[in-house]
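In what comes next, chain A is part of two complexes: it sits with chain B in the first one and with chain C in the second one.
And then the complex of A and B:
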């Protein structure tokens, strides 16, 4: 406390000297007079056509739609598979994300980072039937044949305890979602 | 003072919304309103109202399990309800789950962000006097005190009181705002409180009694929110709603949860419906790319 007080005092004593070293926070604009004012003003033409070159640089707002013609061989080198055009007769539907990916996400609980959850979003229709089918699919892959799930009917989400990312993706792709 | 100012402010705002497009006043200067270019197309669509409207050209067509909702397209030409068409509504906007918690957070934000708390109390340091010790420390038989402005004293300063004008402004998540709009629109449609009209141009009379009779006949209630694509309105509806409490004209960019809940009925034009759906669907599909230009700062000039 004493040290702080002293420094504050010393700074106040030195303050007149600080005036010499003070920084200019605003740029000092010197009024430069042109040598020949006739040559400084260059005529400018506004061109709306050239804006297409600017638009090439701008990032896209939404992802482009799924290409039908160019990509016929699936899966793509990255492993992406599109949704089937006609879905199965299941009483539920799972949409795709905004970049046409499967809406399956991993949640890791802080701070231990040991509890893992698999979350499936965008489930429409009969979410309870979806949960049952999913549990039946995952049971052989689980350690003790028990799959703990949570269903949020309002948020249209299903959460599974454990890391089942690949199995859930297989399940969804097999149903054509 | 504030009671006097607020009605004036309100009148200016309504004036801004209800700018009358009068060709007798001469040509409107270019650049006056950015949405001016949408007039000719809107007039054409309002003129060609023969036949039922049944199809929509979606940029993002509905895909999924939830079927699209439907609504009648009405006309303001007659007092009786005259159907012009049947329009499908996108399920991602009009068939969402009416999340009450999301609506509540939106309403809370709308009430709080413009709230300023002006309450203020002086501390002992800010009050006059109190520098002198009221009586000696000892031998008087009274309690020891150092200042008459101590917070223990009556008429003393306030310890930890409200300090000055305090703003409650905060920015609400854009995702939650979009969700709130969808929740309110879905709830309103489920309650049969949304009506879609072809255009506001079709209102034949500027008499407020005609609009009163129309709303009474169609059971629209005492308060109606008219939403259009543009922020200037046709002359008849502007004059009919002028100085009428409960009848509000609003452009699409002013649509919000609070106003939709405050008014009993929401009346959308077809152009407004298209714009609302397109905006919300595009927003939900937008790529969350972080623009590299956000990190760059202009170079600091050393002087």
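And then the complex of A and C:
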């Protein structure tokens, strides 16, 4: 990396380590040294029963399953609705996220942060038919009956210009996705 | 008998390779563009400005010098309005809606006490203690739809949030954690892998000691009797029926509190966790134990 200004590191002509600006809150643990019988170590008691409390604290690797209470009584207080059992009639399928949410996201164009896009991910099957149905659904809600979309077939995404989050979510829930 | 030709091998390879895109093409070395404004000599560590005699004689320009253009550290003036910003505590917000949603989909288990460790383990909420984040601020957004009965421990909250939690039969506490403890709580696995004793939590600094001792904000240092009185007063003030906790089957879970020196539930300060052998090491020396328990 070129240095356009002089710093303390450039004196020694080695590559500057900018990544070392890290605060340590914990003590730096020394490397393993041979055990010296002359040193006195604090006596320690091992306990395997208390390890179950540690296991409760460790984070799960996979999201836990949805409780039966929410699957029976929906929409839940926060408005969550589960996905309906899949039917093979539809030409497309939109999967849920890893935490069972609808894959509809808001994108904002940087650096102006003024242009908004609505993105629908995880669209499987005939994505072009999905785009057509989506445009027909959104046209009444758009300002000038035009819905600008961009389909990314390889990434299984459809992007719409503007903020259509709630309408898209309604579209997906009506179809049971 | 002729073997596979180079064209056949190339076609076989092409079938297996991923699709070509902008991201997986690389120009040949001779077509790589050089850094702007720099010829072959000035692409080194010092940009061709630090010749050897300069280093030997000590006639180097001052630190931060940029060859004549305004150095970065003098370009922007210091403004009075952001003084001490680097010393202020920050509490990244978590809405009640988010909390309710996490409970609905099973990310958070409402049948056991919720604290910062539980929230960070969901991985939808994160804080960075190195950025002066001192915990979770439970905000009022989603207060009306909040229906869960929880025992939650936060670091900052408002009266309306306290009322919403208590109205549903839950309990809420505001507790302070120092950055050392927060670093352990936000990434529990990483901390246990270090093999460091669980830290002893310090008391809050002067400017927030009052907040954490106030029963109105359900501070963890407040008198429990005064907290009960404050619960009744808040219910009367805002006009809702306060459920009786003593008659609740989950009474024990709802009234569980951490010791002011304790960081994790059920684990004492001073203990070391051995993830490999699945044991917990406790100090047997009386002096050490007294230190961690004081």
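By our rule, the second predicted complex is superposed on the first by the 120 of 177 C-alpha atoms of A that agree within 3 Å, B and C clash if a C-alpha of one lies under 4 Å from a C-alpha of the other, contacts with A are read in each partner's own complex, and residues count from 1 in each chain.
The criterion applied here is as follows: a contact is a pair of C-beta atoms (placed from the backbone, for glycine too) under 8 Å apart; a residue touches a chain by one contact, two chains touch by 3 or more.
Bear in mind that the values here come from a model prediction, so they are computed numbers and not experimental data.
S.K.: Which partner does A:154 reach: the first (chain B), the second (chain C), both, or neither?
M.R.: both
S.K.: Once chain A of both complexes is superposed, is A:63 in touch with chain B (first), chain C (second), both, or neither?
M.R.: both
S.K.: Considering only the touch criterion stated at the top, classify A:46 as touching first (chain B), second (chain C), both, or neither.
M.R.: second
S.K.: Going by the contact rule set out at the top, does A:125 touch chain B (first), chain C (second), both, or neither?
M.R.: first
S.K.: A:72 contacts which: chain B (first), chain C (second), both, neither?
M.R.: neither
S.K.: Count the residues of chain A touched by chain B and by chain C, then name the partner with the higher count.
M.R.: When the residues of chain A touched by each partner are counted, C comes out ahead.
S.K.: Which partner chains sit in contact with A:99 here, chain B, chain C, both or neither? Use first/second/both/neither.
M.R.: Both: A:99 reaches chain B and chain C.
S.K.: Looking at A:145 after the superposition, I want to know if it touches chain B, chain C, both of them or none. Which is it: first, second, both, neither?
M.R.: A:145 sits against neither chain B nor chain C.
S.K.: Per the contact definition in the header, classify A:80: touching chain B only (first), chain C only (second), both, or neither.
M.R.: second
S.K.: If I apply the document's touch criterion, which positions on chain A are contacted by chain B in one structure and by chain C in the other?
M.R.: Touching chain B and chain C on chain A: residues 23, 27, 59-60, 63, 99, 154.
S.K.: Which residues of chain A touch chain C in the complex?
M.R.: For this pair, the touching residues of chain A are 2-8, 10-11, 13-15, 22-23, 25-27, 29, 42-48, 50-51, 53-54, 56-60, 63-67, 70, 76-80, 99-101, 154.
S.K.: Spell out the part of chain B that touches chain A in their complex, as residue ranges.
M.R.: 63-66, 97, 99, 282, 284-287, 289, 291, 301, 303
S.K.: For a test of understanding, state which residues of chain C touch chain A in their complex under the given definition.
M.R.: That would be residues 19, 35, 38, 42-47, 49-50, 55, 60-67, 71-72, 97, 100-101, 104-107, 109, 112, 117, 120-124, 129-130, 142, 145-148, 179-180, 183, 188-189, 191-192, 194-196, 264-267, 271-273, 275, 278-285, 288 of chain C.
S.K.: Can you list the chain A residues touching chain B in their complex?
M.R.: For chain A paired with chain B, touching residues are 23-24, 27-28, 59-63, 92-93, 95, 98-99, 124-125, 154, 156.
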